[in-house]
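I have a structure I would like to understand better, so I am pasting it below and will then ask my questions one at a time.
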Amino acid sequence: MERTIYREIKATPSVWMVAILLGAFVGAAGLSVLTIEHHGHIITGMNNQIVWGLPHVFAIFLIVAASGALNVASIASVFGKKAYKPMSRFSALLSIALLLGGLSVLVLDLGRPDRLLIAMTSYNFTSIFAWNMILYNGFFVIVGFYLAVQMITGLSAKMVKMAGLAAFIWRLALTTGTGSIFGWLVARPGYDAAIMAPLFIVMSFAFGLAFFLLTTLVLFKLSDREFGDVLLKRMGSLLGVFVAAVLYFTAIQHLTNIYATEHAGVERFFLREGGIYTTLFWLVQVLIGGLIPMALVFLRPSRQSTIWASILVIIGGLAQVYVIVIGGQAYPLEIFPGYEVLEGFNEGMVNSYTPSLYELALGLGGVAVTLLAAGVGVKILRVLPTNLSDANVPADS
Amino acid sequence: MRLVLAIITLFGLTGMAQAEGALAPVVPVATGDPHAEGNEYWRKHHMELMRHGRNQTLREGERDIDASLAQCFDCHTVEEAGEPVTYESDKHFCRSCHDYAAVSIDCFKCHRSTPSDNILNRAMATPEEPNSIAAYLERLAAEASE
Amino acid sequence: MSKCAELTRRDILKSGAAVTTLSLASGVTLMAFGGSDADAAGADAGKRWGLLIDASKCDANCTDCVTACKTENGWDAHGDHASPETSSAWIRKVTLKDRQTGRKVSAPVMCQHCDTPPCVDVCPTGASMKRADGIVLVDKHICIGCRYCMMACPFKARSFVHEPVHDQSVNAPRGMGTVEACTLCVHRIDKGRIPACVESCEAAGHSAILFGDLKDPDSPISKALEAYPSIALRDDLGLNPAVRYQNL
């Protein structure tokens, strides 16, 4: 095998086409943000019951995937798997891009996005949200540093390993923080569970790896580089293990709730009577995003099956975040236990939510920001290896 | 590069010269007594006074600070066709200077920008007023002794 | 230096004597005209304002407290598109039916002014805050509109302003993109008046809402709480709300 060489991608017409397409999505998101800022959130599907909507689903998915995308680098640097080493630069870059995309959506959906500076300067340290802002900003710095030490020639392997370890610990903290945004909400029966933090971590493993595989394959295709079948199948089976872990944690999450009588209502809602949320849970999250990808990568491992599994994991992941974020709010708060509410303010009934086109545009814009940032990164930085054919992948010692 | 800078400077200067001439701010004449601290002092420090006052009022409940927006309108309202103009109008007294200085303000996204007839809560309630806490407690005491 | 000195001077001004003459470090002498000492009370940490709502006195057909709150704080102004789901609700009337016994009961629900408010814990900027006298407020000057407090509140007490608002009440500034809730009529309390809902309920002849200082053992509300059973909504969460209910 030859030495791993990293080269920028060339700006071919097809690269430009993709960039223009992504730019159009970003532009649409910008337009919808301006429209929402002018008219208020009244034009979105969100209301005073469902206060976090589709933008938050995209934002949380991207933020969770961000820390997961760093896994490829961690597997190389922290766990010493040499086969992953050539991909670790792009893994770090993509994780920064994913966080950027996710945060853009989160920030632009604020009631007062013009006050971002206040969010950066005025901290309430009892808020997990404020802690997350520190974790997000720290992630940019630490992963940026990690990417830099990988790219600077002549630095010792030990230094790269230390930076990789720091980034790995930070990403675990970051996803713990993201999960705790929901896990620490004691008031809502759909959230309020310590398992949210580890659940979000395994979700990040799966979503991040799936997103990494798809973007890498697209970039390799666009720049005419080779990605070996054996390596891809190996990563596919890793994805399968992560998906199994997500299913396991999801099962424990619901079983624990079912056992507690006070949570029987919310579980009945999620698992049996929740309409769209029940469908999304069983059909999209569990079947399409869980069991089918596992069957694909374990029963019929191939290049095609890995690609399909990655796509399905992302679809299932979005459904899972949707069920957690929106479903958790749709289920009514139990303010008056033992009473039926005859008259009130949307009390004791399932809250309805229909996402608007503005919210979808904003969410997809976040994905486009991520892809655009990753694309610009591989265009100007030497992060993408020129050859990942199986003959050229280092063997693990 | 140097050429670009020079052009920008040139445009900037002509722009400023124009602004100082025809487009100088028309500061509306206020009614009432002048500020005790002097108008110059208020022109320079009103934002600090109001920011400081807003925190004391909202966070500490000290409402006797003579730097509330509602009080500004006592003297500084601009009327058009007999009605006080809102911040929507460029004649609003805040905008007459802020537009000129290109400093955007956030106040009127939440506060009303016109005077209000409701001045009840500017003064402490007296025990004679039925909705004062003192009168309320007295009624409760009378009820309890019956 | 000057800014600091000026602000200090303002502090003296707002609480000071009728006429104060001051010499600043810079050598400038300023004269200031202030209010009287009695006015400058502020939130008192020795007090905790609360409400005791007697559901047996609350009339199922009466919504005077809600109307009074709307008028006082001006949150009734609907935009063109407002629906019940997007409108604000600082206070709401609920009518409940016991699932086992069929007993019906009505009561108003507003911000419960918790002792350990979840909304204050979760607010990233510190806009959600509790005053020294226990009143929980939103500082709209620094609210970024993230709505995390609405996710955290167990009582659905908070509303997000979905549309532009005009002609706000001078009592309660409120604006699009920020979160709002019952203030316990803080502007009235600070001026020695009772909250609007309490006043209207008494005027309607129900007197179902008792207002007072929970820290004063001799206040009517403290005595009533001591003498009769009462509950806090979601007492299992241990938030110790300042609003309590009787006969619910």
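Note that the chains are named A, B and C in the order they appear, and that numbering of residues resets to 1 at the start of each chain.
Methods note: contacts are C-beta pairs under 8 Å (C-beta built on N, C-alpha and C of every residue); 3 or more make two chains touch, one makes a residue touch a chain.
Just so we're clear, the structure is a prediction, and the values are computed from it rather than from any experiment.
*Asks:* Select, from all pairs of chains, the pair with the highest number of C-beta pairs in contact.
*Replies:* A-C
*Asks:* Going by average Cα coordinates, which chain is farthest removed from chain A?
*Replies:* Result for max centroid distance from chain A is chain B.
*Asks:* Averaging over Cα atoms per chain, report the distance between chain A and chain B in Å.
*Replies:* Here the centre of chain B sits 45 Å away from the centre of chain A.
*Asks:* Between chain A and chain C, what is the separation of their C-alpha centroids in Å?
*Replies:* So the centroids are 39 Å from each other.
*Asks:* So the centre of each chain is just the mean of its C-alpha atoms; given that, what is the distance between chain B and chain C in Å?
*Replies:* Comparing mean C-alpha positions, chain C is 24 Å from chain B.
*Asks:* Quick check: what residues of chain C touch more than one other chain, meaning two or more?
*Replies:* Answer for chain C, listing residues that touch two or more other chains: 176-178.
*Asks:* When you check chain B against every other chain, which residues touch at least two of them?
*Replies:* none
*Asks:* Which residues of chain A are in contact with two or more other chains?
*Replies:* Correct list: empty.
*Asks:* Under the definition above, what is the set of chain B residues touching chain C in their complex?
*Replies:* 36-37, 41, 45, 48-49, 52-56, 58-67, 70, 86, 109-112, 114, 116, 118-119, 121-125, 129, 131-134, 136-137, 139-141, 144
*Asks:* Write out the stretch or stretches of chain A touching chain C in their complex.
*Replies:* Checking each residue of chain A against chain C gives 37, 39-43, 47-49, 51-52, 110-113, 115-116, 118-119, 122-124, 126-130, 133, 181, 184-188, 329, 333, 335-336, 338-347, 351-352.
*Asks:* Per the contact definition, I'd like the list of chain C residues that touch chain A in the complex.
*Replies:* Residue positions touching the partner: 79, 81-89, 92-100, 104, 106, 109, 118, 120-126, 142-148, 150-156, 159-164, 176-179, 233-234, 237, 248.
*Asks:* Contact residues on chain C for chain B in the complex?
*Replies:* Residue positions touching the partner: 3, 6-7, 10, 13-15, 30-35, 38-43, 129, 131-133, 137, 139-141, 166-171, 173-178, 186-194, 198-199, 202, 210-212, 219-220.
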